[in-house]
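What follows is a pair of complexes built around chain A, which joins chain B in one and chain C in the other.
Moving on, here comes the complex of A and B:
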């Protein structure tokens, strides 16, 4: 079997960079771990849960999707192509890779989004199975597993007590990654480590069923009371994909930007005339729950949550989508 | 501290059972974390807790219509929260009898205090709430750099900002019904999370806090990206104190630094 010594993680990244990949990996950055573009010297924190998700590399927080110029009376539309370099995402989380199916579905729904798809096509995703989980992880409650690699091109399995990883290419893109790694990989034998097993906290089918008939439940007011209405949860979420379109520029030149947006903001649904159909935070937080566990499954046959737990991990107000799901759909044996 | 927490819980239960307040805002412990918690029945008072790890500033909830609509309220109030209540009072955002504090801090429980009594409690037990020395040292270190070096430092930090506005949400002072970043007809500042839009947002946020920030640190604690927002806030607070003697959050009817003027103000800098 193909093996990667954990101590050679940066060699692997360097080999891919030398082969022409832009390499994204969880990197220690001022005490925090972020998935960011790897540069020589950066310390890879392969097993850590980064504070951002890998969606940043497919659906960036801001992206220019149009450009215009005006010279005299001459108005011209400039050609804007997706910025989609060949990219290797290393040591992504299984829950991040699972969210690719959510993004793929929505960005290929009524139109094929060329900006997303160009980045998606250019990206090879290498997942590291999770040897540990914290109290906020709940992938097993939403049909995922810390040992699976749905959506990934290559799977690393932790082995030999964390010293090595077993390398399993799953697609042609994954095989290309392994081929480009050169001497960073070795042939040999290793014993796979046990994978994490976060507790199953709720039954997603029951949650969806409850949501479908409880739009007007008084529980929304109670559940949403701590929410202060920021976008931290949506922006850290690997599956959230709402955006705003903004035109910016001067008289002579303008750009059209696609920027992340969040249903947690009042402005998200504020009409030009002043009316807001989601008048308070309970309506906004209900939308977050409904979209992930009711509307999205109705439209696309899958949940728009993969249980990474980032939203609850970083929310200072203590909003916790898994706790809310457990409240509305407790497991029989819980 | 356990005696103080017991007394605080008993007062919360008393206020609720007497009908003197309809909702108590406090903290609860969940795992290793401290979170805001809301109770509306006396029997729930046992859920309330408090220690030095309770960093969220509960005064931020007073701008939330769903909370405000349930006044009269009681708020478990650390010295930092008390200062924010006084700032909100001095800026005409809350009124006596609308909010009561269950004042609690490292020196114990101060009882049920109306807004008018907060200043005396603070001045008696916490007269000199100043930032931690480590923060002041970092402010001094940064202040000693050249303007170019500082700009470079902040541009690198501001690039991390995703514009999630967790800092704004966590801050009691950010109560504008329509924040500058939400002025979109036309768009006042770029909402793209990059470059000049991030710079504008971060600097405007900090400037709007000058002479109003009480140094609670909730914004920095809420920032998912780990931006050192308190470096900006603390420096502006220093300037506000040194130039104008501003120490927000100690007086019920203090004149807001930015929101007030007098004919005697120094105008010599206007040329």
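Moving on, here comes the complex of A and C:
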């Protein structure tokens, strides 16, 4: 079997960079771990849960979708192409890879979004199975598993007590990653480590069923009371995909950008006439729950949450979407 | 053609008309004939577009002209913020950006042989205007056509010239309103060839029953129309629901108050249509902005029957 010694993680990244990949990996960054573009010298923290998700590399927080030169009282359109370098995402989480199906669905139903698809096509995703989970992880409650790599091109399994990883290419893109790794990988035998087993906290079918008939529930006020509407949960979420479109420019040039947005913001649904359908934070937080666990499944046949727990880890107000789901769908005798 | 979903085309402002304070109509011509033919291949009444100006942004307006007029499109919009202000600063001969048509449409063909009742409030006449002209351009296919239109004040009524034409007995003289030289759309030859300018009497047609109303306090001394909110005016005019389809466009509060009146007149939820104006950004089912209940208003709407409207969570509208 193909093996990667944990101490050679950086060599692997370097080999891919030398082979022309933009390499993204969880790296230590001032005491925090983020998925970032790897550069020589950066320390890879392969098993840590990064603050952000890998969606940043497929659907970046800001992206140019239009460009014009302004002349006199007119404008001339410039060609805009997706910025989609060949990319290797290393040591992504299984729950991040699972979110690709959510993004794929949105950006391809009915009509195709070339910006997302170009990046998606140019990216190879290598997932590291999880040997441990924290109290916020709940992939097992939403149909995921810490040992699976749905949506990924290559799976690393932790082995030999964390000393090395077993390398399993799953697709042609994954095989290309392994081929490009050169001497960073070795042949040998290793004993796979046990996989994490986060507790199942709720039954998503029951949560969806409750949501479908409880839009008006008084529980929303209580569930959403602490929410500050800061949007951190949406920005960190691997499955959130709402965006705004804004023009920026000078006298001679104008660019149109799409920027991450969040249903948690008050301006999100404000009409120009002043009417706001989601006038308070409970209506906005309800939308977050509804979209992920009711509307999205109705249309696309899958949840728009993969249980990564980032939203709860980050929230300064203590909001926890899994706890809310458990509240509305109690498991009998579980 | 580009595969960038968000890439607009360029339209030239061929004409412009002030309808009411802050409300303006642009007549727009395509500068790209390929985009134009693709537009008219797909355009059905009820659809909308994103009208914009690079540097300012894009705004959603319905296409206010019918698909039976293929030499231009028109939009009528109120100055409401940054984009709409920038657009209203554009002058005849200058260009704006456009992408569309987007959204679903009114099933006009399924209304053949039926009576039609149009109810609109304020700036919401534009989406109905395209339907109305589409119907009038094929008048023989339909039964009676009635329009109930209201605005806050007399000055806020839009399409005054066309109201005069539709109304026959226009409640008040619109001083100066017709002197701009802007040809009323109704007097243009129809695209299907049969019509000539003589098909459009310039003063009042007998085949449309128009009721105009203004909110109490919005009348002028010489106003001869009704003085009532739209739902009340509708109740008073009491149209028959027999073999009739109703189409209602207006601000959310007007829609909410008009529906019970229509139900009281005997209209079934499947025979009442309305449009939603949820905030939109992308127009193509990606950005999530227009999501209400399980629908993307930009894709599954903006046209809904009352039956569909009632199945949506009202708190999202």
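Just so we're on the same page, the second predicted complex is superposed on the first by the 331 of 334 C-alpha atoms of A that agree within 3 Å, B and C clash if a C-alpha of one lies under 4 Å from a C-alpha of the other, contacts with A are read in each partner's own complex, and residues count from 1 in each chain.
Definition applied: a residue touches a chain if its C-beta (ideal position, glycine included) is under 8 Å from a C-beta of that chain, and two chains touch if they have at least 3 such contacts.
All figures in this text were calculated on a predicted structure; none of them were measured in a lab.
In the superposition on chain A, contact of A:244 is made with both chain B and chain C. Comparing chain B with chain C, more residues of chain A are touched by C.
In the superposed pair of complexes, A:235 makes contact with chain B only, with no contact to chain C. Of the two partner chains, chain C is the only one that A:75 touches; chain B does not reach it. In the superposition on chain A, A:194 makes contact with neither chain B nor chain C. When the shared chain is aligned, chain B comes close enough to touch A:280, but chain C does not. By the touch criterion stated above, A:259 is placed in contact with chain B alone, chain C being left untouched.
When the shared chain is aligned, chain C comes close enough to touch A:291, but chain B does not.
Once the two complexes are overlaid on the shared chain, A:272 sits against chain B and chain C alike. Applying the stated touch rule to the two superposed structures, the overlap between the chain B and chain C interfaces on chain A comprises residues 244, 246, 272. Residues of chain B touching chain A in their complex: 30-31, 33, 35-38, 55-56, 60-61, 64-67, 162-166, 168-170, 182, 184-185, 187, 190-194, 218, 221-222, 224-226. By the touch criterion stated above, chain A contacts chain B in their complex at residues 30-32, 51, 61-62, 135, 221, 224-226, 228-232, 234-236, 244, 246, 248, 257, 259-260, 262, 265-267, 272, 280-282, 314, 316-318.
On chain A, the positions that touch chain C within their shared complex are 65-66, 68, 70, 73-75, 77, 79-80, 106-107, 109-115, 215-216, 241-247, 249, 254, 256, 258, 261, 263, 268-273, 275, 277-278, 283, 287, 291, 294-295, 298-299. For chain C in complex with chain A, the residues that touch the partner chain are 2-8, 10, 53-58, 80-81, 84, 94-95, 97, 251-252, 277-279, 281-282, 284-289, 291-294, 299, 313, 315-317.
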